[in-house]
């Protein structure tokens, strides 16, 4: 990777372009693995997924298998899911409950705190140098939570999760902290593999309400969404720190036909107790929250169902890169614990109808994500000298939008969601990280 | 790729050897992608495939998807098949007819000249900096035709197609320009994937009549071809410029049992009108034309059917590299528009019986191509120091053949087709290109 | 591959650790291909597989296809299975009998000594420079046998096979040379592909009786093996030269319930004739021999069947690397020619029940091998700076075991098989080879 | 499933397996409106998640979360959507193929309703992609006879993978 | 293909599907000469191209160009060729397997001629290759009864891929 | 296998093919003890090696070496092992699927014994692996009627690959 090539990306990004070759370039991908996925906060799961002491779930941080366990004191710990003896994957299950995890190769066993507690014939065969306490499971260097959302970070020196989330916390409070008892994950995440680049899918959620009018036009044809191509633009696109961003979408009137995203009135007192006035104001007028936490966590809080009987649902999704042209999609459906069961059911049905592997909205997204890959693998699209003007266009709102200072929420809010402000800020942060040689050094090949 | 390694290839090639490691070497492959496929004329299709304004076909130039459209004025234009907004593949169809191509991601639309004509909500959401005229589809830098054969070149500074084809034009005139109305492609090209290296398949057609006697011996056993192992050697192997070449195969007598490759007499006046005496002389005596345009276009014009009722057919084929050990084969069947339908049918049947994925000749070729890959991936075959004498043999005719100055056609003609002259000239040109650092620079990873 | 990285591996290996990243690292893999598989003795087959002049078998040396033929004089020769003309794989069959091998591409033919004996139309089409005698099949530089075991080496300057095997010969004599007429391979080797790294599988056999107590605990549950977790530890682990090693496993009493591994008494006189006293002593007390010849040949000589009616069998296996995370497993079953048929049958059944693709012991091994790969592909496990203590543990017996000087066999024998002495010596030799730049240089990409 | 017992006999098995093949044929030929006719109005069409769990757990299927839990109305909506001008995912249409095998039928306690188990191997080829997509597993249907015509009254699709390797579930299974 | 209607019945379906399985068996065991016996002398054996086109087009099959358009004579020639000493592509023979499923039969206007649709999944394993080849799609046959024996009078093979991923079509489908 | 001749008829074919499907179902649902019941005590269960040889050789199967050559006792041992606490290879259990097709049945010289040929496509999905495993080929069974119940008296499994691409053969085929 030549320095001038990165330099040139920088110039282009500042002008509102993205060289097309960076999408699928293997060298860029390696830098991303090292300097982004090795040093930023990656979502692991929600506290509601671990019910009691001994509960465990297995997740991935990029290519590292991770074992999350709730210990006796109710603390959640995360470890590399690899026996310290010879590296064997300790647990291949998705979830369960165990007091002890025993490795199938030589029988070493670990407790809920990842401590090595059993070595077959240990005392007989090992000598002095073998000190059990040194051979516990390798902990994920940093594990922190906010509003029940558990994140891990491979970088010992990373800033705290809360500092990293920054003003996104204010919006998480609305989506995750509004009701007593908080949120619960329903069942397990859906998982499937798509032909896509993780940057493009992250952008698609965090920064691209503009695609709704065409990609999801079938919903218009089906009379499920307004015909006005601007319908997804109303509201604010809010640029946050470190490549995070959120779109607070409302209607042309600035109001939502369904206050509090169609939540039943029985819940309103809770909201009014748990949220401040600015949060309530936004929450009362928003139709859809859609955004992302850099690098690869996206979320969508929207209403489904026919007008009048809209039901809100919240989904979080991780775009786990399996290569420059492949992602493993994880989708968690979440809902307020406090809601009545029948509402939960309707909300769940609304989610399934629109998103997830079989969702009608999602289907067309996957087609577009695949097409970006297909057209970004040749010489014309990959030429690093940009001889073919092979740059993508992120000019929307570049020189014709001013922040709306009256927007009640934190972050820099622009008075429309049809703008590329968040995308440009994601590119800048992405580039800052991959150009920073001090990050994630030590990573192999 | 060390300079001395290329140097050593050079020495070997000059002696009539080809180091076996270059066949499947990934570094060589990258150089080929950059310095050959990025800078030479690649076949895209035939004008008869685009019937009217709005007609389009999609093709590949190595790994770049290309969209060819016939515009209102009947001009054929070729573009990178990638929306300039975010790079989404614009058209995933093989062919069709449209006035406008609209991108499924955000709805940008382009006309038949590749101009960006529609941006959803454009005026509302984009500012000054966004100048539509700058965001048309990216044209293939050079697109030129000869005798209806459309080629594209990614190198802005390439010599003209006609200059590149050079004396091959003279032979194209015979095969493609002999009859009024020219040729037409029947249907669409057959496409399939084979385990093979593109250089070996190109050689197989352009430079290797010698293989016929063994690879296609089953035809002898079936009494479809002569028993004399020399039968495919009669005639001339003609070395042309820039790695092009053609074998003008006739019989032991120097005559063909079927004048003009078994074309019906009704066509002869046309030939005599459209071709000069030297061309007619060759055309009247040839049984088979087989050759290639460097790098990966091959052609075969031969007769099939039982003696006496032979029918001529013409096929062009592209060996699209999918890696050092994989090719996507495209085979176009062409025939003179002017021919009577029943002759066309018989010719077509003759083609299918012998070539294409199910052709009996082709089947055995694919087996051999795969075997070259299988034996060229280890240390003994790939050793760059050639410690194991791992070089292929191209010595045929090296020191025992003089050009036949009396041959009526252009190029350097050798009085037999059992010689490696064209192969050696292909190697020299191939090497000249991959050693030329000024070519295709700017190509990424 | 940075020098300090190799240096650091060295330090760790000396302390009894193995950095986890070397297991699946592609750069390490390339070094292994070049400096280990290109320069050490690789097992090709057993002399009993080639019955008579003209008999041939095809094998692989890493990625090179090899053709072994028995010539008229009964000599076994090995060649690159690639036609010298254009590199086409000459023989795609697994075994057979032929006087001549003819290439399907252009018909060149070779005799049993690999000499080029036929060139179609050769005299007519080739000139002076073509000297048939220079174009015979390329011989594997070194081919040598010991006790019927045929090995090949791609390094012309390698030490002799016998010197390389060193003291392992003494143990081969017991397993292979004990009975008159020697051993015979039954049928052909089983072959299948597993998700595993070749180093880990080699270790598993050569150096890891410790895994038996857990990996194969189901045998304990089935009451087929003793309940004492130490049962596989009794006996000696013998460290030999150049990364070779053998475990001479016996019982707690130091005796075997079945003298001479349950061989019928009718065979004993032979043993006593063919082996010396030390060999007989060991052979009479051993229950299982398990070990390996570096780099990727493993063997197991054990008894199966229910107590009292145990039957011995011998298996050799090659772990052919198909990548850092994939092996092609070849398993040969061997048995003493001199044994009565019904014993052979029972022995064979005992082998099938326990090992080979369907063997109950082998099944659980494959699960563990796959799990090592799965947990060794991320940043935490692959970090080259070892920031995550991502090293595997080979401390067993490091500081608490002294060699047993009274052990009757050659090599350094430790008085238990639950130790990592052989593993550590394999790592040291492995590292010595991959750090040795003079080895296997000349290997491409 | 003890042998022979509660066997439905050759003719009924033929009828119902033919019904399943014809259903697959309609899907593979994108005759979705005709296909809709084969579903009862009260159809339950569900695809649970497959997970990897310890064998001690009684099941490795998750019903709490599914890929879809559709009523006739939901399915109708999806079908109609596929006929809009902007259902990009299937225009141009990929080629799909439902290989249906191992059909096993048992009567239920309800007259004219049968429990039909079948295995499916679904393959899809998109545009000129070299790599085709694949999905496989088992279907458990309730097939009902309604005025002499067979209908699907319930279908549960059990995928065999914990991570699906199709880019979406735009197909019907 | 409306249900039940023009149904051929259990026995005939059994007979004809068995005929298809036996045909596949002969091919997979390389009993090509016996296989030839199953073809009528006037057989039409065709494999059109599959393409990717806008759904507005009525078909994504191309009949103008095919992979083969064979008569009995053409097929006989191909079979005989496979018995020559130099049909390298199948010597040594790869292992091939025709998985035939979803067999659907309808009577035609001609007595003793039936329109038989089946799905095929073809797999091939060559030498020691790790990667096997695959081809899949649909076959539309005319099966004719000729003096009590079933024969294939017509077969059209519809591949599902626009780019075939087999190195050649040396097999019969 | 000349047509029609020695045909077993629709009903018997239905019975036996259903038996095979139910057998596959038991395996795919890990009901191994029930599956054992379907085997006769004298069952011969064998899987020879497939090799690549010159077509002149009469067969490309090797019987001298096999992947397994099991008696009822051997199989029982393997089944019981799968129920131990430490049969790691199948705990957590991978998902497996036996696609059985092309079932062909012929009477044998023994009353109540039938020679049953079937094609199998076996697929396996392990944990969260993206890549699934596959095995395919042919089975040749002797199916025997024992007091009104069908049993497998002999099974020979012919794989089509010379190098198997499954990490082990822990499954029953």
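Think of it as A, B, C, D, E and F in the order they're written, each chain with its own count starting at 1.
The rule is simple: a contact is a pair of C-beta atoms (placed from the backbone, for glycine too) under 8 Å apart; a residue touches a chain by one contact, two chains touch by 3 or more.
Please read these numbers as outputs of a predicted model, since none were measured by experiment.
The minimum number of touch steps separating chain A from chain B is 1. The chains in contact with chain C as well as with chain D are A, B, E, F.
Computed centre separation for the pair chain B/chain E is 32 angstrom, with centres defined by C-alpha atoms. Between chain D and chain F the centroid-to-centroid distance comes to 26 Å (mean Cα coordinates, whole Å).
For this pair, chain B with chain F, the centres built from the Cα atoms lie 49 Å apart.
Counting only residues that touch two or more partner chains, chain A has 92-94, 104, 191, 193, 214-215, 217, 328, 364, 367-368, 374.
Counting only residues that touch two or more partner chains, chain D has 10, 52-54, 86, 88, 92, 99, 101, 121, 127-128, 130, 162-163, 165.
Pairwise, the chains that touch each other are A-B, A-C, A-D, A-F, B-C, B-D, B-E, C-E, C-F, D-E, D-F, E-F. In the complex of the two chains, the chain F residues touching chain D come out as 10-11, 14-15, 18-19, 21-22, 24-26, 28, 30, 90-93, 95-101, 121, 123, 125, 127-130, 132, 148-150.
Chain contact summary for the complex, chain F toward chain E: residues 1, 3-4, 7, 9-10, 13, 50, 52-55, 60, 99, 101-104, 117, 119, 121, 134, 136-138, 160-163, 165. The touching residues of chain B, counted against chain E in their complex, run 92-96, 186-196, 214-215, 217-218, 220-222, 328, 333, 348-349, 352-353, 356-358, 360, 362-364, 366-368, 370, 374. Of all the residues in chain D, the ones that touch chain A in their complex are 47, 49, 51-54, 57, 62-70, 74, 77-78, 80-81, 84-89, 126-127, 162-170.
Interface of chain F with chain A (complex): residues 86, 88, 92, 127-128, 130.
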